[in-house]
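In the two assemblies presented below, subunit A is common to both, partnered first by subunit B and then by subunit C.
The block that comes next holds the complex of A and B.
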């Protein structure tokens, strides 16, 4: 780990987990460490640093550099301290005349084939080779370099065949083979940490070189996913961030939390002045444990992209060009309009949308804005369109609306059941941790219509892949329960003690019905019954079984039912309340858990307490000094419907692009167009802003303080590393707007907002910024009962008391295929892009995914005359769009798949407005479509483009 | 060079024949070299997929062993031992003679495609050094004259 500038100690080898302790002596000092610890690490524990090159504590010991040699009394030779485990009573010497001489000799050999261009090298001052040369006292190199890897021409002026040019194909880092010492750290990082196995050592002996992929591959064409683990592991300048090459080494680091997915990785933002040099995954981040993916590690360029809007803007009508104004003028304009609307159309005619991308404190303020200033409950958040069924389903069955485990739990899991999630693309750092466990022998079951990257990979393969037809989740989950119940594989003791036995009897009667058997649903789901039975048996009897699920579960008309079915499976088999098991929703956005916790839903105050509860309202009425409406407000789809009807007229939308991300784009557009004041608070003029009257420029996660809550309920600190480019953090903007509306808010720091949250919300009662500072992070509930937070939930009993079994009747969606629309479209994500792509499209990540493509099975393509790369028209009952097709058997016949990262495609023009029965979560994952060859953009795309470019005009300053 | 479709078909047959075998990567590479006379690059991703490996790993293994060749060899492969015992018995001179006579360097093939010259480290025939191997057949006590005779044989 190249951490020498901003040190974060490297212990050389990973920590041992043994409970047995061993005492030994190193250089005369006694040290006690767990059995299995390396001598190198034991020495590091007492501050003795043994020189090393090939060892780093993120990787298993390798023992190739021969620099960390030590002597052990009574043993022969000089063993490598990294590969030699401690033993009781041994006496180790790390430094004496013999060892010094040996190390110098080794170092001389390394340096004889290394360019001595330190002053112009990107790693100058941040190079372990340089440091080790210093540490061993290298003063002279006796070997004359004849054959080298670093001279482009040999001594006679001929081209040197051993010299390889730099590989600059990856947009974020460069590979310079001439500086490589072949320590293997990059190759091992790719294997052990990331699990991609994209790198290898090619050749042998003096010809050994680090190679990405095969002979003719570059980093870009290899399997490399650009996670940066190799760059992090490299001790020299061989693999270096291009930003470091451009800028120089950083001089300070601030620990903060990634603003992409729900894994919530912690990073050290390494700075020089107020310029961000690089993001380095933070070793002590409890979600990521020092790992990262391409988005968090490298894709932060959007923060300084030229498209970012830095001045507030207003306009009378959406047909006018934007006018840049001062903050004060924008606030005045927005407040006057919103007040006017409320006077004219009533208290309920305006609302807010909180952002799952912003901090907890910001989400809290936005819902407070509507409840305490607008005086209604019209607040919703993008969780509506992703994990609202999780909130409902887990709330009903277990009593909390959140995942039951922490991510560390995966290290104890024996069977992972992954349903409707593709962590390799959506939650890459978690996927790496899961894959590590799979390589250790855990079994995997994947339930997904598509053969995702998760199904098979380097050194593992799913035991069962249930490639179901989109929309039949409930049938499959109930069939799994059927097998468990009828084959008596359930855990009766767990059910008797932890769940309601009568409800279980009722549920058992329901699932045992033969119409739920795998055989009975085979035709419906397209999954062979034997596979379902095999998967059920494995889940029930394979040891610690954990369920990880994603939007493929929730974004259905029966999303909530599937979540309940999943909870039933975990309760049936007793897989709740200990490490390695549980029900784990993989939340989409960085703070979607937090925005839900903060009371963003129209029916719930912070902490998931219904607005109907008088005692809960009383808490806030007292804190805020207002009367709170006791009727739930409008959900996003209701707001849009009401807007079209003419009763909803004003919206404050923070950090969400509903036009692109919400289903049935045409309906969203019509709703927005019908409003009289749409305030968009965002980094960019997003698609929703095409229909806005006021634009508040937003700040990035690098520019503010706050907290994000990840998928494991972990509250992580977000720290300001630079001043907001547009002047104010988002919470300050919301406060200014609230005050312009007549409120009297006086927060001067987000910690005060957190104090208010803690004071009013029982599950956050113990959370303070001081605690987050000392503990790094904390998992809610954090209160008197659990002052240090709660990594695992439902240990001795469910939060709701007894676990509740609920019947899960399969009801087919109304969205059906027919002669006009014979194919089923399902949507998903890709690794390099994030959600609607507002950020990642503005980074170099586009080299991996420049446009959305439609995956279609060879059979479906052939009967339609579609060839690879053809432009095709994708039409549903709602609308149509065009995009390019790729032919693959990852999808089954009858199923097509695409991503929704690019506004040019607008996959959501096609999706319908069917939604989950309980929570209105849209049914993104199932749309009946037809696909046919096409020449160019659809009519909608052309009109939309014209409207967008018209709407994005900004008037020149006068 | 054969076309990719034919290669893929044959590779798949070889993979099927090795199904379920433990540690099958080297036997598969040998079988492919046997079938084609070399290991076509196009085979690597297919092998990787079949064994739940990556193309980088297969490339790493293949490139470690000099015996696996990326391109077809000449009609005959002539290997000269370069190890210590043979060197002490004149292998260096023999090598120079061979390269001179054939007009090629190590690992190259004569223009007519008849002979590929390869160095090899120890054929285990030290007692009869310098040693050579012609298309898999061991030959001992090779001097310039015997080398020329061998060449006559294969040309």
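The block that comes next holds the complex of A and C.
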């Protein structure tokens, strides 16, 4: 009965990667394994489990517990099987009288200093120490423990100096030193897996203790980032999830995919009944390989937060309180209004916004709703405000809108060029994998206005940090190309075979112009020319060079141009089409890639096919039995503009909070207020809902089936582990609404929606739920040519044929500093919070980030009389807000920085309506501002608060 | 200071932004690129606003936008 949690098999040590195979004999059985495999792992491969405590297959062998001893014929002694590699022809014995006695002796010592409170221990049934005591047949302990670590007081009642109290400072897990066996697994996990080095062993011998941070630190005050790797590695109850302490051990696990960032980690949702006990990173998840961050691992409490709305609600005017109604009544109300609007204002007067937080199937249905039921192309998605320039830029140069590699590729990378991304905060699990590679010696170049955590950390430091002025990405990227071209560091053979040579000639002529040289742009960008030259040389000649970029690239007036420039760099140097290289956009939300793939953009049908193409429309016209509009529809900013003009009147917005997340809040509010029917479909009464007439309560990722597609184009399954608390999965809600509008949809499971996607979209043709079930996940394109998917793109040729070099002229943004607004504001995010914070603010993650603060350089603070923690007014030509300041030299003089995780801060009141020239992706990363001391909230914040609380009223049931 | 009441200002800004990118190409290619971009991504309402400007002489628009005008698809009447 004991092992009712079926653990993933632990092979004890990591798999060896050698291609040379070695055959040996273990307990009389022959086994053939790659050279470099440990004897422990080789034994495990044939089902022989050697007892162990300090070994686990996520960590390098350590050889400290002495439990895994074996005998090898012809060799002396009893070596540890975890640290001893296999050798050809050796004969290993894992169990005999001598080994049994040795192991029992070791266990006896361990147990003599361990509290035997197993029945009431949180790890009861899930404890490797308990298992090993059983495995070695420990029957009694001869030693009388005089000095222990687990008794608070000794027998005479004196306090025991060796006893340490529990550290409960972390909101999600507890550290109980009395149960620690000092196996080092937590310390090694923090180093090897996470790369934070927050834990150490202090003292030696009997005094050895696991310690977080420095002498007076707790787990919370230390550098610990609460990724949970140590908790995962701990074989005892020393590091335990508080949820397990509260609830008990889980009885089943369901593999599903995290709903936070674009890394797309897989987790086992471990359940007892329909209660979620814990989320454990899934070892076979191909994006995360068993690792996790604080969000995915722990921050799921929002799913049961009291703020969650569980009943549909309607109201005539946004000044009325909400009225809770039945689903049927809500559908009827919403459909009547939308039909009325279309009758009065025309077919084009309504539209939809699909969500990058919802599944592929849900996004597909929402765009189908507008195309097949509303009969227009007015669909957009939150990717508009994050990675739309990636779609444009990579589409133009390579021929498809997607990252070129999988995350495993980073293991082969020699030079990582990170531009406008802070993966340690935004994509933490990828950052851990990158840092691991950096510790192995790969070189790092960071292009970022701030000295982010990515620039320097435990055992890594960027060879070059190009701390450019916000808004000068194109100048820097073009200067890098200038150096590569003028110093002849380009890969001519690659360019001749893979790219259009004439276009390259034209591009070469363009970049070679001295006005693009690092020296010429130094004043503009603020980056010393020598640094730019050094970075270019390293990128071009340092081996496998991979570019990873984020929203610091895309969210600019020239976002698309920078993406093109990045693609140019990769083509110039031939860093495309093999492991360790490529162009890798780090996507913001979990399903940004998927929502884009699913035809959420107003100009293209699923699979990035333009609505102008008759053959593509014909596919859907036949499948859906409707006529599809051949004109592009409205993008989000266009919808808001059109609303203000009076031609756009109705919106169905699924799982996005445009009022908080989109720029120029006042303009968004004016647009929403001008609409006659706003339907918000969300978990919470978000900020946009303040302007809504209909609220459809949403379901969490735990409550539905579907798929998410991560930044590496990987289609991962999302699995329902509990029933939707408000009755329906989101795809069912969209279907009910479509049918209320007159459609006749009859999907009974998301797999049928995926079948329709596969039937109509060439790059998804081979995707089925059965395939995802057997393969775990698959990367598109997945079709006849690549039945098992495509981990790496553009191997022998680009999707568009020849790679296309495009000129990237730098154009300064119109957002310029001046006497009134002398500073540049740039925005970003932090580890513990996610996007607008709707989910993470409703978890214990607020202990790490309770409010947004403004980072300002000491010089800029001093001249303004601003001290640490002061309230400051942050004003731009769009609006103003107030927040607290923190003084730091992470930002350069002239630059200030904040996050937008909290609605009270209203950072987007300040951001402007400038946007990317090609895609209208807003320029979040550059706003000219002034900062000055303040006494409290701005007038807008106060009016907004009042409106919000008025708008959130729900009428008492009669 | 949202230009809510001045949709044409926004259209001018956006068209000129595209022009600034396309100007780095050879002229013919830039003209074709600009027109294709607007045809592909601008919904009819925006193109209507653009033609309202062009029909009045296109004040404030960069020359490349004017040159591309003939290749931009005029939307059907609203």
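In this section, the second predicted complex is superposed on the first by the 954 of 958 C-alpha atoms of A that agree within 3 Å, B and C clash if a C-alpha of one lies under 4 Å from a C-alpha of the other, contacts with A are read in each partner's own complex, and residues count from 1 in each chain.
Assume contacts are C-beta pairs under 8 Å (C-beta built on N, C-alpha and C of every residue); 3 or more make two chains touch, one makes a residue touch a chain.
Worth saying up front: this structure is predicted, and the values here are computed from it rather than measured.
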>> Between subunit B and subunit C, whom does A:145 touch in the aligned arrangement: first, second, both, or neither?
In response: neither
>> Tell me the contact category for A:254 with respect to subunit B and subunit C: first, second, both or neither.
In response: neither
>> Going by the contact rule stated at the top, is it subunit B or subunit C that touches a larger number of residues on subunit A?
In response: C
> Regarding the shared-chain residue A:520, is it in contact with subunit B (first), subunit C (second), both, or neither?
Replying inline: neither
>> Looking at A:786, would you say it contacts subunit B, subunit C, both, or neither? Reply first, second, both or neither.
In response: neither
> Taking the superposition as given, does A:212 touch the first partner, subunit B, the second, subunit C, both, or neither?
Replying inline: first
>> After the superposition on A, what does A:644 contact: first (subunit B), second (subunit C), both or neither?
In response: second
>> Quick one: is A:610 in contact with subunit B, with subunit C, with both, or with neither? Answer first, second, both or neither.
In response: second
>> One more residue to check, A:201. First (subunit B), second (subunit C), both or neither?
In response: first
>> Does any part of subunit A touch subunit B in one structure and subunit C in the other, and if so which residues?
In response: none
> In the complex formed with subunit A, which residues of subunit C make contact?
Replying inline: 1-4, 7, 10, 13-14, 17-18, 20-21, 23-25, 37, 39-46, 75, 78
> Once bound in the complex, which stretches of subunit B touch subunit A?
Replying inline: 41, 44-45, 52-60, 63-64, 70
>> Taking the touch rule as given, give the residues of subunit A at its contact with subunit C in the complex, in rising order.
In response: 346, 348, 377-378, 510, 557-558, 560-561, 602-603, 610, 612, 631-635, 638, 641-642, 644-645, 647, 664, 666-667, 670, 807-809, 811, 814, 877-878, 913, 915, 917-920
>> Residue numbers of subunit A touching subunit B in their complex, please.
In response: 196-204, 211-217, 222-223, 456-461
